[in-house]
Every structure is written in structure tokens, then in C-alpha cells.
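Structures follow.
Look for chain A in each of the two complexes below; its partner is chain B in the first and chain C in the second.
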Partner chain A sequence: MSAKTERLCAELHELAGRIGRRVQLMEVCGTHTVSVFRNGLRALLPANLRLLSGPGCPVCVTAQRDIDAAIELAARDRVIVATYGDMMRVPGRLGSLEKLRALGAQIRLVNSARSALRIAREFPDRPVVLLAVGFETTAPATAATVLEADRDGIENFSALLCHKLVVPAMLALLEAGDVPLDGFLCPGHVSVIIGADAYRPVVERHARPCVVAGFEPEQILTGLVALLRQISEGRAALENVYSAVVSAAGNRVALELLERVFVPADAVWRELGTIPHSGLEFAEPYRRFDAVERFGLTIGEDDDHPGCLCGEVIQGKVEPAECPLFADECTPLNPVGPCMVSSEGTCAAWYKYNRPAGTTRADVPASWEAGQ
Partner chain B sequence: MCLAVPGKVLECSGEEAVVDLQGNRLKVSKVLTPEAGVGDWVLIHAGFAITTIEEADALETWEYLRGSYGEDFFSEADDAVESKGGDS
Partner chain C sequence: MTGRVTGAETVERIVLAHGGGGELMNQLIREHLLPKLSNEQLAALTDAAVLPQPDGKLVFTTDSYVVTPLEFPGGDIGRLAVAGTVNDLAVMGAKPQAISLGLILEEGLPLELLDRIVASVAATAEEAGVSVVTGDTKVIDRRQSVGDGGTGPADGMFINTAGVGSLRPDARLDVGRIEPGDAILVNGTIADHGLAVMSLRSGIEFESDLRSDAAPLNRLIDDMFATGADIKFLRDATRGGLAGVLADISETRGVSVEIEERYIPLTPTARHAAEMLGLEPLTVANEGKIVCIVAATDAPAALRAMKQNSYGTNAARIGTISTARPPLVELLTCAGGRRIVQRPYGEDLPRIC
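The block that comes next holds the complex of A and B.
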């Protein structure tokens, strides 16, 4: 442990002791969740500080009905669906994209929205649909790609929009009030786009401290120290301890693109239901790129596995090990819920780093070991 | 999925840049960071540079990623952007 880590831990313990009661903080970012586990930070925390994982994994919050819509599209004649890798294995009602691909459907793994557009240029006589998931870090890439398609007249390109916005979800969690939360460790790279000031409503409306932090262990501990210090002083403020990378106003160019191409819309989150203004839909001039409209899709209902507690997990209501399916019916190689599918899912992180006795590394997909 | 990784801009051409990611040359869009020029460091996410950063911060992040995710990370991170081999 570095001297700085030791000093930060000592400070955390001192502050936690001063506060004296149980404190619950939420990290709202899958990258934070993975870093906390990978670096063994939980073991260093004071006993009265509980760190909950929030709805910070884009795969985990995508509603089953949206997965089903992607599967329905991929099953159509001549359609090519382009998706980020993590979405491949998420189970829908009728299996996953991965299973459909094994049956011969044209599903292409991409790492950028631009790759989907490139496929559309290569196959001008086939419809190419991007399964557009992700928070504000990823949504500008979709917006820029749609503008490029519009400019270059790539009319066989469209997107199934499943983007989600972080702050409305944080507000919804507080408004529901089911889980007592004393503050938020706010995501680093989402904040590059939206800016630290985006969390002001959380601080001002709900008097909860918000601290923007990076994902390295010392940066996370610095964020936690800042949160505990505020709580010990009875304050609720917005702090940015990642100011080398995150500005107050965010990336103005990216925000302008989002505003130009999309409008905020109510969105359905997996098992959380509809959260007002927490998603994006196409602004009028770009509606023809909407896959739902173009293909006349009907978005159905969800039919999640009755025993699956992913919905509770992403709200911090239960820990993965409390789910009856965890590490039993639901494992990374045979996931039931999305939190076990994505390498950034809370259940997956627990499984990988907090694995129950009797399981082996072979239970984890090979791609995870390489840090995916 | 929201992880962005640092790269150094080697070439710029219109809205595109070629960046060095620990020895891998990658083509990314700089439409979100029009200010980025040759020699600048950028954070890259899903094939797009999303912000410019200082060299010291970029190197520290590289160090962390290498230590934490292993040497393979940057060749794996090849996946994070349009790679020369294209997507599978």
C-alpha cells in the first residue's frame, strides 16, 4: 500500500469515527465498482461505511423489452445489427443476440458507432441498425455518427436508442427513498461530457453531497474522504476531485451535439420502470434514423426472470449474494440477469472478486481476464 | 463501458486523428475535441476523443491501466476504437 493510500485510509477511518453512525454512499459508475473490487478497497473501508453500487452499468439498466426489440430486428431478413460487445449475452425473452447469431443472424460486434456506419457504407443495400446503449459518455458518439450519416446520405443506417442519463436516475433513487443514501461518488468519464455542475440538482434539491472522482484507487479514496468530510461537517456540496480531467461545464461540443440530434425523453430502465427525462429520443430532423419508427417496431413489456434481483441490485437495495440465483442458477457463463453479464455489472464484479468457495476461474469468460 | 483511455495524437486530418495507444496506432474521431492537435493527449471512448488532458495525467493513467489490467490492456483496448483489423 502506498503512503498516500495509507494516509487516505487513516483519514477515512478518522472521519468515519467522528461521524459515529452508519454511512451509505453510492458509486454511480460501473468503472468505479470494478476498480473498488479489483483493488480490494472494500477491505480498507471503515466498518460503518457502506459503499453501494448504483445503476451505473449501461448494459444492466437496459430494459429487457429493448433487448427483445434488438433481437426482433436481428431476426428480420437482410437486417444487420451492430452492437457493443457487452450486449451480446444479455438474455431477452427469446434468448440473446449471441444465440441468434449462432443461428445465422447478421449481428456484428462494434466498438464505435462509426464502425456501424462503416458497415452501412459497405452494404448499401442492407439496413444496418446500431444498438445504441450507454450513458452520456457514449451518446455523443451516436449523435456525431447520425450527423455523419445525415451529411453523407447513408440512409440504410439507423439506431435503436437505449441511451440513459445519469442524473435523472440519481434523482429518481432519492425521490423513491427506498435506500438511505448519504452521498454520491459521481462518475469520472460521464462527467467529462456533462460537467461537474450537472450534479447540482442532487445537491440542491436533496442536500446530498456529490463528489466527482477518477477511477484509480487513490482517486476513489480521495473522493470518499471528501464525502465523509462533508458529512462530518453537516454539509452537502458539489466537489470535483478529478478536475484535471473533468471541468465544471463539461464538453460543450458534445453537449451541443446531444442537444441538436436528441431530445430528452422518458425512458424505461430495467426493473426500475419509467424514469422521467432519463433517456434520449431523436429530434424531429433526425427521426428517420430511429429504428423503432423505420421498422415499425412495437416495444413490448418486460418478462424478467421472477427470481432475478438485478433491479434491486442496481438500486443498492440488496447485495448480489442476497439474490437466490447468485452463483447458483446465475453465473457469468450462464447469466440470468444483466448484472452478471456485463464485466462492469455489480453481480459480475462480486462473482469475480468475491467469488464463493467452490468456483474456479474457468467460470469467468476469457475476455474478462484481459480486463474487458 | 464508460472507461476512456488516454492516447497521444500523432496525425490530424479533418475530423479524424491517428492516436498512439501504447504502441497501437488507432484512427479516432476528433469531432468532439476540435481543439486537439498533433502532440496533444486525449481521452478516447468508443472511437471518439472526448477531451484533451495533460501529459502527466495521461501517463499516470497509462501506468495505472497497465499495472491493474496487465500489458494486454492496450492491445485489448484496440477494441475500444476502430482498429486496423476492423471489428469482428
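The block that comes next holds the complex of A and C.
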């Protein structure tokens, strides 16, 4: 452990001790969740500090009805569906994209919206649909790609828009008031786009501290220290401890792209239902790129597994281990809910990185000189 | 590329008749395979190879190679096929002697590409000191696409290699001999192969200087045995990566494995590429890395032998077998935390964002 990590941990314990009561902080972003687990940070946190994972995994918040729409499209003759990898295994009503691909459907993995457009250029006589999921981090790339398709007249390209906006979801969680939250660790990547100031409504309307932090272990610990310090002093302010990367106003170019191509719209989140102005739809000049309109899709209802608590997990209401399906009926091999599928999903991170309950750590053999 | 027939093509390609057993097939073998792989056994073109019988025990293995793309930085399917089979023999404690080469070629494969891959098979076999003593060639039509799902140009190829070797008399490799306190060694940086191949995959490609680590490791293993170290277990960390091998050890032997993140060799490029794709380097495939479990007292000698071989310059002792219950693989992170490590569940998929 570096001297800095050690100092941050000591500070964290000192502040937590001073606060005395249980403190619940939400890390909104799936990348934070995974980084906390992968770096084993939970073992370093004070006992009265509880980290809850929020609705920040793009795969986990995508409603089942949208997965079903993607599957319906992929099953159509000649359609090529382009998707980010971790959407492949999310179960819909009729299986997953992965299973459909095994049956011969044309489903291509991409890591950017532009790759999907390139496929559309390669196969001009086949419809290519981008499954456009993700938060403000990926939405500008979708927008830029649509503009490119518009400019170059790539008419066989379209997008099934499932983009979500982070701040409306945070506000909805606070307004529902089901989970006592003392503050938010705000996502670094999303904040690069939307800017730290975007969290002002959370601070001003709900008096909860918001701290924007990076994803390295020390950056996360720095963010947690800032949150606990505010709480111990009874303050609720907006702080940016990732200011080398995140500005107050965000990325102007990316925000302009969003404004040009999309308009805010109500969106359905998995198990959270409809959250006002929490999603995006095409602005009028670009509506023809909307896969729902182009293919005359009817977006149905969700039919989530009755026992699955993914909805509660992404609101921080329960921890994965409290779900009756966790590690039993629902495993990464056989996921029931999306939180077990995505590499950023809370359940997958718990399953992958946490010691099973009730196990003890025995003595490590006498320390060895690694002779590196 | 659209995969459409342009008519103006001048590239020589594999056609179905190359697999038909007639003159064209004969020509393919004589002009494109034999010259590079030439040895007495193969040149005879008999139905099977006749090999000398070893004094001790015979070790026999087979493996199939279906990687796409066929060529990638640091290697190709040919190097992979030879090194993979050689390594499977070597980690069992065998000295590899001879391998077979089964080629399944897709109609449309450019002959020039086949030539490069056969040359790579020959070079890797020579490096490992094994001969390709028997072989087979089949051609499949484009319907059974080997390539990218049937929409791209035909350019597919599968290779199967089987190999035999003689068990070295000094090998006492047995997972049952692993005891708490034993040291865990790895011969260099992990995750390079899987990430290098992924960096070329259509749709998720990215630019990097990642190179596959594909390499025959039998000579490195020879060097380790030559130290007289009490080597208890060897396994090449291919699919499933380092995590897969360590999970196997923990499960099979019923011991815990403790590794330290700061000692696990990983290039900054691989670290960042894995981060970008949302992949865990510990579970990414390698094609030139072995995990070695050795008695703690012999670890320095075995590690020194690894480091002196060109395929082990970045070798490191990464951890220890421990008595912790229940048996788990646990990682001490650079941040000072701890977490468990599991084998991956299937194909690791790159994530969004």
C-alpha cells in the first residue's frame, strides 16, 4: 500500500469515527463499482461506511422491452444489429442476442457507434441498426455518427435509442426517498461530458454532498474522504476532486452534439419505470434514423423475472447477496437479471470479487522475498 | 471489402478441387507444403509416420486452432498451432518429438496467405526442435464459413495439430504434490496475446503496439528442469488466462492461492487496453506463458533459469500457495486491498463506455 493510500485510509477511518453513525454513500457509476471491487477497496473502508451501487451501469438500466426490441430486429431478415459486447447476454423475454446469434442472426460486436456506421457502409444493401445504449458518455458518439450518416447519405443506418441521463435518475432516487443516502460519488467519465455543475440540483434541492472523482483507487478514496469530511461538518456542497479531467461546464462540443441531434424525453429504466426527461429521442431532422419508426417496432411491456431484485439493486435498496436468486439461480453463467451480466453490473462484481459469506482468511505463509 | 466478386481478381486462391485428392491437391502439397516442412518422414508421403519408440513413457496431445484473424502482431495461426501443441507436451514434462499438421482450408483462401502460415509453422517447429511428420489437407466450401460469420470474404482456415513426446525421467509433475508455502512463478507479461488479437477484431479494433506472446516454451522448461529445482506443476495459461490456471490448482488440490498484483508482469499498454475493454488481464488468454509451482526453496533457481531464457526475461514470482480455507484464489491489490479471483465464465465480451 502506498503512503498516500495509507494516509487516505487513516483519514477515512478518522472521519467515519467522528461521524459515529452509519453513513450510506452511492457510487453512481458502474466503473466506480467495479474499481472498488477489483482493487479490493471494500476491505479498507470503515465498518460504518456503506457503499451502495447506483443506476450507473448502462446495461443494467436498459429496460427489458428495449432488449426485446433489439432481439426482434435482429431476428428480421437481412438486418444486422451492431451492439456493445456486454449487451449480448442480457436476457429478454425471448432469450438473448447471444442465443439469437447462435441461430444465425447477424449480430456484430462494436466498440463505437462509428464502427456500426462502417458496417453500414460495407453492406449498403442491408439495414444496420446500432443498439445505442449508455449515458452521456456514449450518447455524443451516437449523435456524431448520426450526423455523419446524414451528411453522407448512409440511409441503411439507424439506431435503437436507449440512451439515459444520469442526473434525472439521481434526482428520482432522492425524490422516491426509499433509500437513505448521505451523498454521491459522482461518475468521472459522464462528468467529463456534462460537467461538474450538472449535479447542482442534487446539492441544492436535496442538500446531499456530491463529489466527482476518478477511477483509480487513490482517486476513489480521495472522493470518499471529501464526502465524509462534508458530512462530518454538516455541509452539502459540490466538489470536484477530478478537476484535471472534469471541468465545471463539461465538454461544450459533445453537449452541442447532443442538443443538435436529440431532445430530452421520458425514458423507461429497468424496474425503475419511467423517469421524466431521463432519456433522449431524435430531434425532428433526424427522426428517420430512429429504428423504432423505421421498422415500425412496437415497444412492449417488461416481463422481468418475479424473483429478480436487479431493480432494487440499482437503487441501492438491497445488496446483491440479499436477492434470493443471487449466486443460486442467477450466476454469470446463467444470468437472470442484467446486473449479473454486465462487466459493470453490481451483482457480477459481487459474485466475481467478494469472498463468499462466512469464510475466514487463514495465515499467509511466512512472507517471501519476491526476488523481482 | 464487400465480399463481392469483382472478376478482376488476380490473387491465386484455394478452390474446392485443392481438397479433391487429385492432381491439384498433389500440386498443393508438393509446391506449398513440402518445401517448407521438408523432412524424411513427411517427404515419403505415407499414410502415417513411423517414429522411434522412446525408452520411457509416451506423451500424446492434440489441439485445434480457429483464431481470427489468421495473422496478428507477434504471430499467426501457424505459430500458434505449433507452439500450442509443443507447450501442451512440455508442461506435462515431455520432450516434444513430432507433430502432425491437419489443415482445413476455406475455399477462397489466398495461396500467398497459406504460404506465409506454412512458413511460420516450419519456423516455429524448427525453433522448438520438432518435426512435422504427418499431415492432412481438406478444403471446405464457403457455406461453412470459417471467417466472420458469412458476410465477409472467404479467408478462413483451421489447423489441428497433434503431438507426441517422451516423458522426461526427472519430471515429477503432479498437482497432488502442491503444498502450502510453494511458490508460484510466471515467465513474463500476461494478457498480451488475447488483447493483441482483440485489437484487430472487426468492430472493436483499436491501435496499439500489443503483440501476441505466442512461443514454444519447451526449451525454457528444459532450462528450468536443468536446475534440479523441485518443479511440482506446470500449465500453459492459454484460454482462461492466469486466473483459469490458478482456479484449477485451487479446486483440484484444495489449497488457496495468494497472488500479489504488484508482482504480476503486465505492460502498461496491456493494462490500459484491458481497462478500455472492461476486461480483466488475469483472465485474458496467453500463448507463451506458463504457470510454474515450485518448492519455495527452489524458487530462486527456477526463476533465474526462466529469466535467462529469452521467453522469460520478465519472469516473476507472483505468489504463494496458502492454507486459507475454503480454497480460493485471492489477489492482494496494489491499493492494499484484497479480493478473490475466479475463472472467466465464457467468452469475455468487451464492454460499452
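Note that the second predicted complex is superposed on the first by the 355 of 372 C-alpha atoms of A that agree within 3 Å, B and C clash if a C-alpha of one lies under 4 Å from a C-alpha of the other, contacts with A are read in each partner's own complex, and residues count from 1 in each chain.
Quick note on the criterion: a residue touches a chain if its C-beta (ideal position, glycine included) is under 8 Å from a C-beta of that chain, and two chains touch if they have at least 3 such contacts.
On a predicted model such as this, the values are computed, not experimentally measured, just so you know.
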Handout entry: Which of chain B and chain C A:111 touches, first, second, both or neither
Key = both
Practice task
Report the partner of chain A that touches more of its residues: chain B or chain C.
Solution key: C
Exercise for the section: Could you look at A:58 and tell me whether it touches chain B, chain C, both or neither (first, second, both, neither)? Expected result: both
Handout entry: Partner chain in contact with A:42 - chain B first, chain C second, else both or neither
Key = second
Practice task
Scan A:268 for contacts with chain B and chain C and give back first, second, both or neither.
Solution key: neither
Exercise for the section: For A:73, select first, second, both or neither according to whether it touches chain B, chain C, the two together, or no partner. Expected result: neither
Exercise for the section: Look at A:160 in the shared chain and tell me whether it touches chain B only, chain C only, both, or neither; answer first, second, both or neither. Expected result: neither
Handout entry: Partner chain(s) touched by A:257 [first = chain B, second = chain C, both, neither]
Key = first
Exercise for the section: Tell me which partner A:138 touches in the superposition: chain B (first), chain C (second), both or neither. Expected result: both
Practice task
Using the touch definition from the top, say if A:193 reaches chain B (first), chain C (second), both or neither.
Solution key: first
Problem - Shared chain A surface residues [contacts with chain B and with chain C] - result: 31, 38-39, 58-59, 84-86, 108-111, 115, 133-135, 137-138, 189, 342, 344, 370-372
Handout entry: chain A-facing residues of chain C, complex
Key = 1-2, 149, 151, 180-181, 183, 201-206, 256, 258, 260, 263, 277-280, 296, 299-300, 303, 316-318, 320-326, 328, 330-340, 342, 345-346, 349-353
Handout entry: chain A-touching residues of chain B, taken from the complex the two chains share
Key = 1-4, 29, 31-34, 43, 45-48, 50-51, 53-54, 57, 60-61, 64-65, 68-70, 72-73, 76, 79-83, 86-88
Exercise for the section: Would you tell me which residues of chain A are touching chain C in their complex? Expected result: 1-2, 5-6, 9, 31, 34, 37-44, 58-59, 80, 82, 84-89, 106, 108-111, 115-116, 119, 122-123, 133-135, 137-138, 189, 217-218, 331-333, 342-344, 352-356, 359-366, 368, 370-372
Completion exercise
Listed in rising order, chain A residues that touch chain B in their complex are 29-31, 35, 38-39, 56-59, 84-86, 108-115, 118, 133-135, 137-138, 140-141, 144, 187, 189-190, 192-193, 215-216, 244-245, 251, 253-254, 257, 342, 344, 370-372
